[in-house]
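For reference, chains read A, B, C and D in written order, and residue numbers begin at 1 within each chain.
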Amino acid sequence: MTYNIEMLPREKVFRDPIHNYIHVQHKVILDLINTKEFQRLRRVKQLGTSSFTFHGAEHSRFGHCIGVYEITRQICDNFQRNYSTKKPGDGLWDDNERIVALCAALLHDVGHGPYSHTFEHIFNTDHEMWTRKIITSPETEINQVLRQVSDDFPEKVASVISHTYPNPQVVQMISSQIDADRMDYLLRDAYFTGTKYGMFDLTRILRVMRPYKGGIAFDYDGMHAVEDYVLSRFQMYQQVYFHPVSRGMEVVLTKLLQRAKDLYEHNHMNGFEMPSLLIPFFEEKVIIDDYLLLDDGILNTYFTLWQSYPDEILKDLAYRFLSRKPFKSAKYDHKTKHLLPEIADIVESVGFQKRYYTDTNTSYDLPYDVYNPNSSKSKTQIEIMQADGSLIELSTISRLVNALTGKISGDERFYFPKSMLIKHADDIFSDEYDKFQQHIHNDKII
Amino acid sequence: MTYNIEMLPREKVFRDPIHNYIHVQHKVILDLINTKEFQRLRRVKQLGTSSFTFHGAEHSRFGHCIGVYEITRQICDNFQRNYSTKKPGDGLWDDNERIVALCAALLHDVGHGPYSHTFEHIFNTDHEMWTRKIITSPETEINQVLRQVSDDFPEKVASVISHTYPNPQVVQMISSQIDADRMDYLLRDAYFTGTKYGMFDLTRILRVMRPYKGGIAFDYDGMHAVEDYVLSRFQMYQQVYFHPVSRGMEVVLTKLLQRAKDLYEHNHMNGFEMPSLLIPFFEEKVIIDDYLLLDDGILNTYFTLWQSYPDEILKDLAYRFLSRKPFKSAKYDHKTKHLLPEIADIVESVGFQKRYYTDTNTSYDLPYDVYNPNSSKSKTQIEIMQADGSLIELSTISRLVNALTGKISGDERFYFPKSMLIKHADDIFSDEYDKFQQHIHNDKII
Amino acid sequence: MTYNIEMLPREKVFRDPIHNYIHVQHKVILDLINTKEFQRLRRVKQLGTSSFTFHGAEHSRFGHCIGVYEITRQICDNFQRNYSTKKPGDGLWDDNERIVALCAALLHDVGHGPYSHTFEHIFNTDHEMWTRKIITSPETEINQVLRQVSDDFPEKVASVISHTYPNPQVVQMISSQIDADRMDYLLRDAYFTGTKYGMFDLTRILRVMRPYKGGIAFDYDGMHAVEDYVLSRFQMYQQVYFHPVSRGMEVVLTKLLQRAKDLYEHNHMNGFEMPSLLIPFFEEKVIIDDYLLLDDGILNTYFTLWQSYPDEILKDLAYRFLSRKPFKSAKYDHKTKHLLPEIADIVESVGFQKRYYTDTNTSYDLPYDVYNPNSSKSKTQIEIMQADGSLIELSTISRLVNALTGKISGDERFYFPKSMLIKHADDIFSDEYDKFQQHIHNDKII
Amino acid sequence: MTYNIEMLPREKVFRDPIHNYIHVQHKVILDLINTKEFQRLRRVKQLGTSSFTFHGAEHSRFGHCIGVYEITRQICDNFQRNYSTKKPGDGLWDDNERIVALCAALLHDVGHGPYSHTFEHIFNTDHEMWTRKIITSPETEINQVLRQVSDDFPEKVASVISHTYPNPQVVQMISSQIDADRMDYLLRDAYFTGTKYGMFDLTRILRVMRPYKGGIAFDYDGMHAVEDYVLSRFQMYQQVYFHPVSRGMEVVLTKLLQRAKDLYEHNHMNGFEMPSLLIPFFEEKVIIDDYLLLDDGILNTYFTLWQSYPDEILKDLAYRFLSRKPFKSAKYDHKTKHLLPEIADIVESVGFQKRYYTDTNTSYDLPYDVYNPNSSKSKTQIEIMQADGSLIELSTISRLVNALTGKISGDERFYFPKSMLIKHADDIFSDEYDKFQQHIHNDKII
């Protein structure tokens, strides 16, 4: 099927620090960017609490989304120029797929709310489900724009994001172990944090990408560029995304939202300025309009107001979050995990309710894996195409990738207030502090 | 006078995309960064509405402030190493001034509120006054930290920012035509916008800076680096800070705040969720605690709520702001200025109240000027030191700087809703639209 | 006329630090690169003696030439995509011109010899003439490759370089005040020297370039990017190309070649290993085969051998050049020029023959000029295209460019051995040294 | 022992693309840079034949050597500031070691000749031996400068380079698995080739380096930066240093020098312009003065002359080298190695003498290894210092480094003329060509 897609009279560009310029050529793309739902992404930070560790990383999901669009556009250009289909079923690229790929790339994260991970955990919601709803619900501006392409177009776009779209090339472009999404965020997050770990050679990877029947493969020549991308991804997770201080702020946020929810459920917020935009979430009766009002600033505004609520815990946690007082942490493992209840009790004994002042936080990532037909969440492995057209899986030819394949990386940490680590010589609780501190050695629970 | 300043046991660093690392060596600096007033700067964007044009430019004032601190620290290091005073009055650097310089650098922007320029204009307030108040009022955490140095230290720091501190080297470091403040923001804004105009050779400028009795001069060898800085400054103003689209969003914001204020003053907000944190500003009775609660997110939160107020103008303007629908514009000059009332009337005639849907916006900058003893706002000119120690003013040896000296650059624009530019053939107001459009030619009012 | 140009089965790329990749798509381009005459450019430094000042700037003319090709290719791509001719005479781009443009871009500097400027001055030769000869002489591999396109193709390519090709778009691409040649060398030389002055926004300039009947113009939107390019060019000349130390090495080289020529002419080289490859130049009877053997290494090899010749002056100058002992200098002007003979006499009086140990060196550049119909060397001015298609010359809308327009920048320096500046207290010539030193003050002759 | 080292009145800087500025503060360093032996390094390329693959990589050993000096200087500054020795034997840094470290860093490569690896192989010489000789022989300018520090200073500097200097901190700074030498060349070669694989976070590594009794360790915090360096090193070897095309040029060079040597030994060069500067090498009777005359340009000059010698093989190989006609290659392994004599015979059968037109070339690197007390060439392993001061070897905590530890990486290739791969249908030798081509499949010998 060929859509009759309207082109802009003149290409429009957005200046972008990662891709230099983002080129918009289709009217539907420009219209999508101009919807209120898409513009909301300007008010949701890409990295949540990471900006408390890397102060440059204040960039929003808006830039990332148009970045993913741009990489997808470049892939399509390359595929069309060099691997254009000659006849159905030849495994080459059908450029009629371009517009669905571009729209899915642009919209893949449109359902993200503020501090997604934490917020979803407390309020039992899910950004992927919201992404699909925003695309397919007739009340959104996004849906209305998409329907101008065709009535079934919103569903098609949503199905790419759900991985049920029939063309595997389109699906893998947007979502696979090496896709436009990850390539953009690694480069973008590296740029804004000011670290260098996320750098890899995007231009070269785009040059060696090629469609085949089963999806997307990479020329043998470019193996090292792909390897370098896998390493970059691994390093960004270890160095940036899993940073213990950012997670210390995430724990503060979790506890703060938990306390607010608890208070609301026990009607202890009455008599104060109510967090009206959060009430649907407290009550877990959220409609799409409620969801689309949320952004980082709204949460922060309620935190600001809560600093003058009479509840000491809410007040304290709100202050800790807004004034960046992260919880401290120590690593634990399966051998020391059993000590945590006892240690949490010590924290409680000096006056911190353990429900709100202690927590565990685990950060795990599977940097790369091969396809496993028996797994329910099986990954599309990275295929390298040899000179004679045969495919070979990446980890079989890269010693470094092989070292990461199928192995989860990360750590488990126990979080608590910083004051637990301070000497309290003349304090009534000085024994408890000492006891606590004897459990922490070399950043580990002992 | 020598302060007894406590050093940190180990230098602490912040990863920064501009300076790579920011080095904190004194406890007082770390304590200041950790105050709630300083942390608030994370929630105030550095460039206000510019991020609507350059989506990468979402960085906050927090990073800029510690960047200015870092440049100042590097200047002090250089001065101490190479130009340390031998005896009073020799015009060289007294490193006892370091701590006051560092604190002033760090805190120089601490009084900025959300969308400073626009907000101050509507609510008749002033961030410089607030900066001084935050530093000198005993209720702030910042003041409490500063007083640990000495009782009169807050006043000293404030006086650097007010330009009344006796040592001109310290004052010029923080505030002059080539100071740590401007050098940081040009580089930082260039980085985050993704433009290249703001780049100049900071390392070289720092190398050629040197103290003398009257303040700070630059070695002759480095003249071209200083020249390049002046050009970068000029280009950033023309290309980034004065961008007509950002100003189109600024006009929307101005009108939105104006409408809210008007409604409040006429008691038309009753019955709705009141913007409690703004009320002191509506009533122009603001105390420091009110001021310090404000940030970008709080304004945006009220804008979100106002989208469901029953006032059509407030609602529409809030939507335009949150969904990025900038007003369009055309240039005017002294010859066409007289046409503006008539054109505004046309806008009103098709249904847009001109008080809220038209405005003028002027952006002017004086890129560089020589010292003028007769001017009330006289500038400290940039002095170049020759081999024999004599000084020579920059514009006398740089043809390019000379071309900019004393000459204001910028433009004046008339703003209006985008729909005024669209053909309305079958519209009841089609004649008015035509009339309007005949007044606009080649981006100018005619 | 449409050439039947053979494309490569697969695009070939060269990794390039400036353009990331250089894309070769036509067989004729790859064949030209593989000729021995083109490969010789690897052995000729782009910046001659500048690498004695900026040690990173050791790059050869090879990289620059393929860089100019790449920029030209990108311009053609842009012109073809956006401004393709519809009918003859419409002033738009005819893509049949691409191949002649690409070849001329690639070959425009193929006639450069070692240390071009200096060498040509002493041996009375001219790299532009050699470029044309190499392209049009049947004995070169380059000519043989070009003739595969068509018999008259070498002449066409040469005529682009000579500015006599009929299509002004092609000529201006390669040679005008803002052409592929200059854009490449500014960026490349900035990169390799490690300075930042030569940086400008190439991507943006390429976006706003457009063909018109009279040649190439730039969209009004891109005015500031073009302005920035003009400033970069000015700054690179002032800061890099005119650096007094590089010129001090150039003077040593000039004197060394002069001495060798003098000795040869007086038969004083007999009995030693003769510089066989230079003899045609000493005798000013050079054929193309002689010329194409020359490169930097050959000159340096003879300098190495000359260090063991019995002539003291030749030996000394060869040592100075190979061991980087630049002559020192001071500025003079029309008021002090009359002193130079007298000062040169002082240099001679302490034992340095003035013919070989003193010189003047002037570095002048006209950064930008408007078209002057009365001038024999008139420049093609930079035209900015307004919204309605009318053209406006750059300096009329840029205050900075205006400040440079038509004004020559540079300086005149007198060069002499460094020892002239050293105190020689107990020396028999101490009075002469003192006299000399009294003539130099603040880097100027007085 | 404390040297009385003269400081420069004012620090001198060299503009460097990698380190921005290189800071020279001691007179002895500046004097060493100004010697003729050090200046010779400007005429020896850092990467030999790699510039035939990466045309940007034309940088010389000069820049690398002062880069290693600069990194060493920064390490010393850090050690002095943060880890200055309090009493003998405390394992901290004694800044009296600075000058020997700086000189060894600067001079560690001073014995490199043109195309070192290849040249040494044919002429049976060794750049490390020459480095020591240049430092310790009284006839060099370098030795004379070093002796101004003290009579035994040249020997001390040489002993650092030979790893026999008693202080392991100084030795490891210059030579270990993570030293100033490697850190500079990875960054520098990445910059000039235009690849990104060699990038790592030098600033961070320098921050976490610290002296201890046994040498140099790295803070636990910086483990990932060190890991990233090891990966960069691995990737640069795989991607840049082992590039098959560069090695194809290296083989041409080897064969060319071999042929010249063979001809000289058989007196077949008589009657032509003799390569006078190479004769000592042909005869393997080289004194230091002979060695120091050599540079890249001298070899190239003889190659130019050899193109007109009557020997067809010498002529052809010289043309191939100067005009960049690399031999082609295919991988072999222990299973196919036995086929090589047969395949070489085929090459000979079509007219290429196998002594000069076939070769094997192996590129192997051991990216990282732990200390092995039983090995004669044991490596100093990389030690990570934990919070409590205990050391832990890098590969035990890095999965990626572990994957590389002790494992050699590289490949073995068979080289031959490109024409062997071309179809020769109507050729008398068409059968031989076919036979040859059947042995090559997917870049491998079969």
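Quick note on the criterion: a residue touches a chain if its C-beta (ideal position, glycine included) is under 8 Å from a C-beta of that chain, and two chains touch if they have at least 3 such contacts.
Quantities reported herein were computed from a predicted structural model and do not represent experimental measurements.
Centroid distances from chain A, each centroid being the mean of CA atoms, peak for C. Here A-C and C-D were compared by C-beta pairs in contact; the pair with more is C-D. Chain C and chain D have centres, each the mean of its CA atoms, that are 32 Å apart. Chain A and chain D, compared by their mean Cα positions, are separated by 43 Å. Separating the CA-averaged centres of chain A and chain C is a span of 51 Å. Across the assembly, chain B contributes residues 20, 195 that each touch 2 or more other chains.
The touch graph of these protein chains is complete, with an edge between every pair of chains.
Those residues of chain B lying in contact with chain C across their complex are 195-197, 199-201, 224, 227-228, 231, 234-235, 238-239, 386-388, 399-400, 402-404, 407, 409, 442-443. Across the interface of their complex, chain A is touched by residues 13, 20-21, 203, 207 of chain C.
Chain contact summary for the complex, chain A toward chain B: residues 14-18, 20, 34-36, 39-40, 42-43, 51-52, 54-56, 58-60, 62-63, 66, 191-195, 273, 276-277, 293, 295-301, 304-305, 319, 322-325.
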